[in-house]
Structure formats: C-alpha cells, structure tokens
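A, B and C are the chain letters, set down in written order, and residue numbers restart from 1 in every chain.
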C-alpha cells in the first residue's frame, strides 16, 4: 500500500521522506474519541491557571508595576505578560501531555502496544499524538487569545499570530519530551524535568520581567531556551513592535528545536516500540 | 529515635510508624523530595528580584515601605507550606488510599485510623519543614551577601509558623481527599488552591481590592498564613496574629477529625 | 493474658452473626466456633458471605447484629488487641508496591510495635519459610502471583499470630504454586497456629480443613469435617456420564431422565453431563449400558465436596 505510506508530518514540516503514514490519523481519531468525554474538565484546568495568573499578575500586581512607568517602556504590565502567558500555557500543556499520558500509552496501560498489533507503526503513533498535542495547544491558545482580547490586553491585531507561535513553541517542547518519555520506564524523571526545566523556564524566560533584569551571566542561557524565543516572538506581535530579523530568528530557533526533537523522537520511539 | 521510643505513649508512637514507612519509600527516590525545595526559591528569585526590579518598594500594613522581595518572600514560604501539604495529602494520599490499598493492609494491624491520619499529616509536616528550613536558609544566606529579606530578629518564628500553615492545609487537604472519587476531581481542588496562591495578599497587598473582597480574602486560610509569617519576617506584630494561629490550628484539627471519620466509612465497611 | 488461659475456649465464637449493607444481608445469623489449633473453613461460591464474615472476624467490619468474640474479646471494643494477635491474608494482595520484599515485612512488623531488630530477625526467618530469601531486595511488582501470595502470608505471620485468617488464599494461582502454599499452611497448622480460611475450591477445603461450614446465600447450610459431609450428603462414588449430542438436536433431557430412573439413589442432570450417585460406580455404569444408554464418556470417581454443595444448593460451586 504505497498510498498509505504517504507522509503526513513529513509533508507538514516540508521534509522529504515519510515520517509516518496516513494511518497516524487513526491515533488522532482515538484521542479525539477519548477527548469527547471530559473535554470541559481539560479546558477548565488548562485555562484556569493562565487566566488566574493573567488577572493576578497583569491586573493586581500590574497596579504596582505600572507606577514605575519607565520599567517596561510604558507598556502596561497586563499587555506585557498576556502574550507571554499565551505561549507558556501552550508550553505547559504540551509538556504535560507528552510526559505522563505518553508514558501511560507506552508503559503503564500499553495502549501503543495494542495499536502496534494493527497495521500502525511506531512512527504513526508518534505523528498521531504529536498532531493531537498540537490540536489541543491550538484549542487552548485560541480560547486564551479570546480572554486576552476581552480583557483589552492586546495592543495590536497581530496578536492573532501569537497563536501559531504558541503552537510552534508547544511542538518545540512536545517533540523532545516525547523523545525523552520513550526512553523511560517510570515517571521519576518527569518530576525533575518539570521542577528543573519547565518551572524555571516559566519563571525566567522573560515571561514576567525582561531577561535584561537577569544577572548578566544568565542572559545568554535564556537565549538558548525555546520558551524565551516563543515569548519574545509572541510579545512583539501582540505589542505590534515587530522587527523582522529578530522575529525570524525566534521562529527559526523554535522550528529547529521542534525538528531536532522530532528527529530524536523518531529514533527513541522505534527503539522502544519496534523490538 | 531511641529517646522518642521511651518518651512517647503508644498512641503517639504508632503514627510515626507510617512516617517510617514513607521514609523507607523515599530513601530510594530522594531526588523527588529534594527537588521540591527549589520551586519556592525559583519563585523568590523570579518574583522577588526579577519583578521586584520593576516595582521597587511596597508599603506594609504598618506604614513602613520595604523592597518588593522582602514583601513577597514570607508569602512564598507560606505558599510553599500550603503546596507541600496539599501535594502530599491530595494525590499521594489518594493513590495510597484508593489504588495501592496501603491502608487496607495497615488496618489489619493494631494501627488505628487515627494513627493513619496522624501519621500522614506528620509526614507531610516533616516534608514541608524540610522545605521551610531550606527556604529560610537561602533567605538567611541572601541576607549575608547584602540582599536583606528579613527585617526582624523574630524571623526565626517564621519556621514554626510555616509548620502551622502546613498543618492546617494537611488536615484540610486529607479531609477533602477522602471525598474524592477519581483523579479528575483534584482539578477542583486546584481551582481552590490556585486562586488562593495568587490573590491572598501573596504577590501584592490586598488594599487594591474593594472592601468586601478584602474581607473575603481575609477569611481564607492562606491569607492568614501569609499574614502570620510576614508579621514575623518583617517584625510588624500585633494581636491579630492570635486569630491566624487559632484559625489555622483549628482548620488542621477539624480536618484531621473529619479524615478519621471518613476513613472509617471508607475502610471499615 | 487471661483470655487465653482456658485451652478449651474457642478462638472465634459466633452466634447469630449478621452483616447487613443497607437492605442487603451479606451474612445472615450464622453460628460457629473455631477451637485452638483447628483448621476451619468457609466453603461457598462467590457472594455467599464468606469475605464479609472474615472481615468481621478481622475487626475491620463492624458487626450488624449477633454475637462475635475473638480470643474471648469483643471486636468493637478491643479491635487493636485482637488484631495484634491476628494474621490476615486478604483476598487481594495489599502489598506495598513502593517497598522491597524485605521492607514490606520490616515495616509491617513495625505496625505491630516490634523493634526494628526483632522485625528484621522475624522477616529473615519468614522469607526463608516462604522461600523468598533470594528475592528479599527485589521490588514487589514483578513477583509472580504465587510469590506475592507467599509474601502476604509471611507478612501475616510477622506478629507470630495465634490465629491466621486466609481469604481465598489460592484463588488465581497455578497448581504448582497452590501446592507449595498448601504445604506451608500445613506446616503452620503443625506448629499449632489456628487457621480460618475461605475457599470455593473443594480440593482446598479437603486438603486443609479439619472442619468446615458450607455457606450459601449468607447462611450456613451444613457443617462437619470434609469426610463427614461427604458421608452425610452423598454416596461413596459418583458416575459421570457425558452424552454426545448432535448439533441442533432438541433437548432430550426428559427422555434421558426416564431411561436413568431408578439407576441409583440420586441422579443429577447438568447441562453438560449427568451425575449418578452410587455406592458402586462401576456397577451403575454397567446398569446404564444394559438399559441401552451409550454415553460418549464414562467416569467413575470418588465423591467430593463439590457434590455435597450441589446436593445442598442445587448449583455447582465454580460459577
């Protein structure tokens, strides 16, 4: 069935050679079926946290930050953190989804093993679940964008473009974390990943304050993290302060990290599941 | 431990058996415990110094102004005590209760339901205390290098205060968990915890709120905890601290009592 | 302790023991006594009320009505004291998956107020007893079903109980694992430990129990030693006849029943076979042939508790 071998994610990323067959869509269908039950709970828990942060920090703490007009070059604090929270919530959701639930499918409930008894391959599973995570990141981001618009926290209509940036950032986390998950047999590593990876990124990647306020030696570290680039790109779009070279660099970094993660995940998924 | 064994009556010794069990478990995965110590520190550095640089000084209730980091540090200690207690008594406790059937095995021994409830709370407090000591240690170190976060000689009382906050949330958290049926229900617990973490005078003074909202916030347990600890680290003490103490101790104790009763319903059918 | 001073005093004493969950009656006024050193069994199908009875004895389920004492003590008032002398092997393995095999025993000893040193000494001995010494430092999760069950038994023995409660100790185990377990339980009995167990396997009841009660629908329907029950309720031998029924042929049980009539004192027609209760099974088989019956297979066997149960309730034990 050469027809079924046609690439889905490979095409999407503009890469030659199939990364997975069309059958990966079956995985997406499965996930959607599961999602039909409990979607409200997912949206509630996924959106409540960024929303509460936006209100507490943007409006509450914003009262104090905005007193110091020079701090952010006159940008209201709410406008400053809104696009950052849009990106971080997508990252958080994607990071979570590619850790515990994927571990469940690989190791605990072994859902993948059941799927592999059908014509599906390990790469179909990878592609299917990556698409699934992208779908959910998109859904959450669009809803959060609506919140931002309602709160009047978007200075430029270009804020709409922050959604694809958020989804791209989500992929830059989901792909490498899925690669990592496929090498583990328990969730003990996730704890460290979140405590020493995701949480510090959330706090120090320019989300709540400019990275220029970090100690000098830490600033280059921030440049290396994908979240910083996601936040910076989304913020420049939302504030309408676009500088094409900078934006291109941010997007290039995100695409590179997502691509590298995908490359690694292809290897670890096959190694783990096709034995 | 030897001294303890002689000194304590059986009723107080038995809960420590559960603590020993948990220590055995975590002996192999110490990293899980150790890593919890960093989260409040990351918040302190990000909020206290990063966002603090945007804000400058903040007014305390007694009219003094302090750097933002001094304002936010005690709140982060209180939140960390709350989060630690909730983490241990929600997901972990639920897993042991419903899935691992740990307590079904334990109640076949002379251990009672009270022993189980007290043991788990004691464990949550010990774990939380480790984080409080670590946090205060770093705060002390930062003071040594000139980044003073403490403005009172009574600041050491922040440690027992954090333990009281932990007790309140451990008792209440366990009681709430005994009503939980499935993992997803914890989303609702998070819906109570997260707003408290963000809006209880933790990151900014509550005088920004309308009067009615202020009164409401003052009734929440985390506000009382933050108020208590901040009083000791900034040295603005008054009689309202007694309200904090009574409130928090009562909350933990009532929670424990409810837990014992509910465990009876769940395990002794 | 005074409550054990009299050797004749029963370890468990129950009169009119009743357990209700709302309107559902799980145990309906049962009477029994278990003497020291005895191996006593509850035999019955799933849902007969065996586990409910065991949980009441284990003091983890309040008695709804009736009288129950364990070691002469009231479970409602002296739960902890009773449990300190009880070993419990529950139906589901409630092992601590976060601890190693040895640690499971060590910490369980602590729950019984043993010192670490004493707990370690006993744990080492018990691992030897249940043949798990080599797995001492392994995690519990990957152990086989039989190993887990042996570990649960070792755990139940950590406090050197005088009474061991076992709820379906060998359900779900393979034959080899079952025999190993029976051997260990037999040794415990030799040492004077009182055993109280539930089972829905008659071979297990026959192997292990000095005396048993048959439970059905929350009530005790018979009591005695396995041999007594067989003698009382069934004949010495059973003839099992299976008939080859061509596909699609209508049920001919009435015709068959007529042909078999008077062949033996009791005949039981089951969906898949006919049981003929006879003192001499061979003779009954010959008689059946004489009457023109041509069964596809013929089996003569000694009667068992299964037959007792069938006789008493009209249903077979295994579902």
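To be clear about the criterion, contacts are C-beta pairs under 8 Å (C-beta built on N, C-alpha and C of every residue); 3 or more make two chains touch, one makes a residue touch a chain.
What you see is a predicted model; the values in this text were computed from it and never measured.
Any chain bridging chain A and chain B, meaning touching each of them, is missing here; the list is empty.
Taking the mean of all protein Cα atoms as the centre, the chain whose own Cα mean lies nearest is B. Between chain A and chain B, the centres computed from C-alpha atoms are 31 Å apart.
Chain centres here are Cα means. That of chain A falls 56 Å from that of chain C. Separating the centre of chain B from that of chain C, both taken as means of CA atoms, is a distance of 48 Å.
Among the residues of chain B, none is found touching two or more other chains.
Across the interface of their complex, chain B is touched by residues 38, 41, 44-45, 48-49, 52-53, 55-57, 60-61, 63-65, 67-68, 71-72, 77, 188, 191-192, 195-196, 199-200, 203-204, 208-209, 213-214 of chain A.
Chain C makes touch with chain B in their complex at residues 21, 55, 58, 60-62, 79-81, 83-84, 86, 88, 90, 92, 94-99, 103, 106-108, 110-113, 155, 159. Residues 29, 31-32, 35-36, 38-39, 42-43, 45-47, 49-51, 53-56, 58, 68, 184, 187, 190-191, 194-195, 198-199, 203-204, 208 of chain B touch chain A in their complex.
Residue ranges on chain B touching chain C, taken from their complex, read 10, 13-14, 17, 20-21, 24-25, 100-102, 104-112, 267-269.
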